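Pasting the structures in now, so scroll down.
Next, two complexes with chain A in common: one pairs it with chain B, the other with chain C.
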Partner chain A sequence: MPPREGIYGLMAEFNTPTELVEATEAARAAGYRRMECYTPYPVEEAAEALHFHETRVPLLCLLGGVMGVTTAFLMETWINVWGYPLNIAGRPLWSWPAFIIPAYEWTILFAGLSAAFGMIALNGLPQLYHPVLNAPNFRNGATTDKFFLCLEAHDPKFSIIETRAFLETFPAVSVVEVDH
Partner chain B sequence: MATKEPIIDPNIDPATGEYSVIAPGHNFKSVTQKIAGIVLSSNTPLGWFFGLIVGGGVAMGVVVGITWLFLKGVGIWGVTIPGAWGFAIINFVWWIGIGHAGTLISAILLLFKQTWRNSINRFAEAMTIFAVVCAGTFPLIHVGRPWLAYWLFPYPNTMNVWPQFRSPLAWDVFAVSTYATISIVFWYIGMIPDFGTLRDRAVTPLARYGYGLLSLGWRGSTRHWIRYESASLLLAGLSTPLVLSVHTVISFDFAVASLAGWHTTIFPPYFVAGAVYSGFAMVLTLAIPIRKFYHMEDFVTLRHLDNMAKVMLATGGIVAYGYGMEVFMSWFSASHWEFFMMWNRMFGPMGWAYWILIATNIVIPLTSLWLRKLRVNVAWLFFISIVVNTGMWFERFVIVVTSLYRDYLPSSWGTYRATKWDYMIYVGTMGLFTLLFFLFIRLLPMIPMSEIKMMLPQTKVRKGHQNAEVVSQEAS
Partner chain C sequence: MASGHEQHEAGHHGPRTLPASLNSPEILSAWRKRALIVFAVSAVISLAFLALPFGKAHILRAYLLGFMICFSFFGGGLVMLMLQYVSGGKWGMLLRRPLEAMTRTYWLVVAMVVPIGIFAGHLYQWWAFPNSEATAKAFAAGLMTKEQQLTANAKHAMLNPTAAIIQTLVIFGILGLITYLLNKWSLERDADPARNTPASYDKWRVRFENLSGPCIFVYVVLLTDAALLWIMSLDVTWYSSIWGLKFLVGQGYAVLALSILTVILLSKVEPMKTLLRTTEQHDLGKFIFAFVMLNIYLTFAEFLIIWSGNVPDEIPWYLARIRGGWWVICTADFVCHWLIPFCLLLSRNLKRDKKRLSAVVMFMLFARCVDMFWIIEPNFHDAASRFSSEGLSVLAYVTVPLAVISAWAYYFFYQLAQRPLVNINDPHLAEMLEPEHAH
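After this line comes the complex of A and B, so read on.
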């Protein structure tokens, strides 16, 4: 990424999730689009206020599961039929009912790893540096007991003076500038 | 029952007459301080060092036992023909079973929206992982040539030798390795937001750096939270069939063999229920001293203990049914061998083990846990948890040993006697488990902070400005 300078956005701090959600809805109604909420636990109403919907994690999980079952079943078939055929008490080489069990385990393994790592990747993590961590009050509250709304500077409607005035109409504890 | 008389205990919710899940009077800040404080405090309680040293000392049994085993071979154990499976398999099944309650709490109770489980979720999962570590040791050292244990996995090799997938022992490798992997991933994913909290609350640069790395830069963004919740739910949904399959596959190790006492269709459900039964007993064994020592009575309340005792009552009932059905089928099958196996199990030279098992798994817990008074009696529950864990170990002992040492052919009958090395490694794994657990409670958040916050009344978003003030007062 090219080095960035200047302002990342304006961050308002709230005491309760209700105030956060109301401010987010109002910001959306006022035409802001580039914004994000930061909360110490998941607040679904905030995601609704941001009009954020995500379906890619379950999709990745499904793909992982399909890949797992296919890989395991084909691997078992190749190994026990062609790679290393063994006569076990005269049973058929392609004993598919027995193959289901490892295939079942790998379905879960691949699906679970896809969901977990897919979530991390879609979230852009690990990302040890992020501008919001520069806000002086952010780390004291965002993962503990405070609720933040950040209106980002690359929003076309963003203006340091008007946006600050807009955020100050809400019962925010503080409104601070966040630098890159 | 409790609603009959006026309630004076502040921990009892007057609306339901049940103990509340979290003691009243907590807010976001106090929850964070209390839980993060244990990890971030520079004062380590002396009792913790004591526990670590005891655990570490006992864990030396594993080190010494395995060293001698690798030098001399499995002959130092009591395993021989006909009792070719002994302590190693008993302990493996016992430990894996203990782990199952952790996954049950973290996954199945999450899917059933049992939010009370949030308090005990993290350390139950930790218990799972450490139990799997202890369990996994046994098959690896039991293979005879442990330096070749990687042959169990299908990997391309110049010998052109591959695993044989019609064997339950190969299924075991897949089931247990998947279980270990998914449990660790689920546990870690669950801790990411808490690592973020610890990073932000850390006072020393080392802690800030360490937890900062572990948190992957978590900043509580709403978009992240939504994906995170989605992934957690999927992992829970995947862990549920996984945990049921693991002990099922382990029971196949026995059930697929054509040996009286092993070759029964009841094994899978009966193993899974027994696993959950012993696992909840282990959660109680751990939770009761920890909540006392770290003053966590506000988060692990009597409600949790009561609920866990109820789960034990239910799964213990299934186990009792399993025992009853085994006895019934040994008669109903009209098979001479089955009948003899059961007679031998009850009245043979090792009959004492069977009666210990019946007393500790059925008689003592299943008669007392019906009473609410005893379910919320911490000392009694602790006693019961030890009793049940003993009982479940004896169940595995009875299954493994009494079927093997007197099989179809009387001329090949023998006996089984564990040696001091068997005992040393077994007791050593308990020390290893304790050691890992003590490290866990000092270094990682043992109760999930973000999940506890979700259970507080302040969490609710109440639309409309008139309510906003009320909420802000509650939160401050």
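After this line comes the complex of A and C, so read on.
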């Protein structure tokens, strides 16, 4: 893949999480959708302001669970009825009550793995490069004591002039352009 | 993210203020009136069943169902109240006063057990034939099978009228004492002259914990005895060691459903409007989801173990609940009691939405009754044929429990109105007024 060029987004730096959350909510209200908050520790309100909970992880988890229960139940059916039929205490070969526990365990296993790996995949991980690391103030502050809001250039509402003006209405320490 | 989210936005940027009045709102008297109307209508319809040839027996059995549901609310409320004292947490603080009101329905629930004692001879074989001579005669007359005769004799020490009355008195005596102390201390806690100081917080927390911890254990023992005595002994031959625990989980299921419904309906007006945050509502939704899971876990485990064992002593209990038309009820129980609540409560947005969550918990209360019906009714060997010959009589299992439960609800609303809706001398109160965090 050829290296991408141009501007990735505009990043505002804040000193407090409250300012970050207020700016994020205002950006969403102004119609921005492609944006991300970067904080040194989890800030729940920021996730909420980004509507971060509306992700596809629950769907992936559900699909994984359904896949787990189906796979386990069909597998046990095949083993007991066709693969290796055994007479166990005279019970029918297709003794479904005995299949429930393994099917339940596979449901949990598949759902758990789908949620974990689905989350990693939806986050775009593993990722060896990210444009925001080009900003020097980000490299210094993002893991210690600064709070960042990045409005990304591929948002339809993004405009280098208006978006900058918009971000400068907040008490941001700085608003910098981030290159790809 | 409908209404739940809007509320979240509103209380987002800063602490809320405690409402001026924490007293129970006026709407409780309207609820009381409604409960009374439901009681009157369903009681009158229930009495009409007396005209049916077998109506009395149906009313009695349906009454036992209603009584067990009301006992779940009282006893389950008590154990949940103790649980929130030992576990702490804002969810418990939120439910404390509704749970206390449930426990204060004590006298009504005690009174409700009296008719069962009076008519016990029509429900329990061991009461009708209380000694080995009587069981021998019953066997000779074809009223008991040989197995019923022998097991009734073997279980005579626990299952006879005198022992049953003593057990019931002990159960209600101890539960009454715990109820009295918890309710008394709760008022004293708010009236403490040193209130809202760390010393007062600690003093009361420790006092409640010291009573609640051991009493949870006592409660589980007493509930096991109650469930064995009142329900399991309907079939004198059967036994299951998970029985008491199954009822305990069922009580948690019912009580959480009722509590969630109560706080959501109360949150239409102050003070609950301020006190019920989406965060705690979501927590309670997750908590009741755990009970939905635990309930199917125990119910299925019991079934699986008995199915695997395939022992003639145990299997008939399930055969009586699956064959002969009961398959419909068995399936309805599985679908209503587990499948529907489970699928719906998986959703995060539903748990945060007041309207939808309250609809689900209302349905869960109905499902508890279906479950209780499936547990109680197939004990009577004539039940299925009676239903097919007198189709109308099945309605008694709707109207009688409805009458009993609405009478209980009337008293519950009355008790709920007696106290402010929240404890003030508790550090969690300040936390409940803090801005919300998303989960």
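Basically, the second predicted complex is superposed on the first by the 137 of 180 C-alpha atoms of A that agree within 3 Å, B and C clash if a C-alpha of one lies under 4 Å from a C-alpha of the other, contacts with A are read in each partner's own complex, and residues count from 1 in each chain.
Note that a contact is a pair of C-beta atoms (placed from the backbone, for glycine too) under 8 Å apart; a residue touches a chain by one contact, two chains touch by 3 or more.
Just so you know, these numbers come straight off a predicted model, no measurement behind them.
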Touched partner set for A:119, first chain B, second chain C, both or neither:
first
Is A:155 touching anything from chain B or chain C once the two structures are fitted on A? First, second, both or neither.
neither
So, A:50: does it touch chain B (first), chain C (second), both, or neither?
first
Quick one: classify A:177 as touching chain B (first), chain C (second), both or neither.
neither
Touch test for A:58: chain B only (first), chain C only (second), both, or neither?
both
Touching A:127 in the superposition: chain B (first), chain C (second), both, neither?
first
More residues of chain A are touched by which chain, chain B or chain C?
B
State which residues of chain A lie in both footprints, the one left by chain B and the one left by chain C.
18, 22, 44-45, 47, 54, 58, 91, 98, 101
For the complex, which residues does chain A have touching chain C?
18, 22, 44-45, 47-48, 53-54, 58, 62, 89, 91, 97-98, 100-101
Chain A contacts chain B in the complex at 15-19, 21-22, 36-47, 50, 52, 54, 56-58, 61, 72, 75-76, 79-80, 83-84, 86, 88, 91, 95, 98-99, 101-102, 104-106, 108-109, 111-113, 115-116, 118-120, 122-123, 125-130, 132-133, 138-140, 142-145, 171
Which of the residues in chain B come into contact with chain A in the complex?
27-29, 32, 154, 160-167, 170-171, 174-175, 178, 181-182, 185-186, 189, 193, 196-197, 199-201, 212-213, 216-231, 234-235, 238-239, 241-242, 245, 249, 252, 449-451, 453-454, 458-463, 465, 467-468, 471-472, 475-476
Parts of chain C lying in touch with chain A, wherever the complex brings them together:
1, 8, 12-13, 300, 303-304, 307-308, 310, 346-348, 437-439
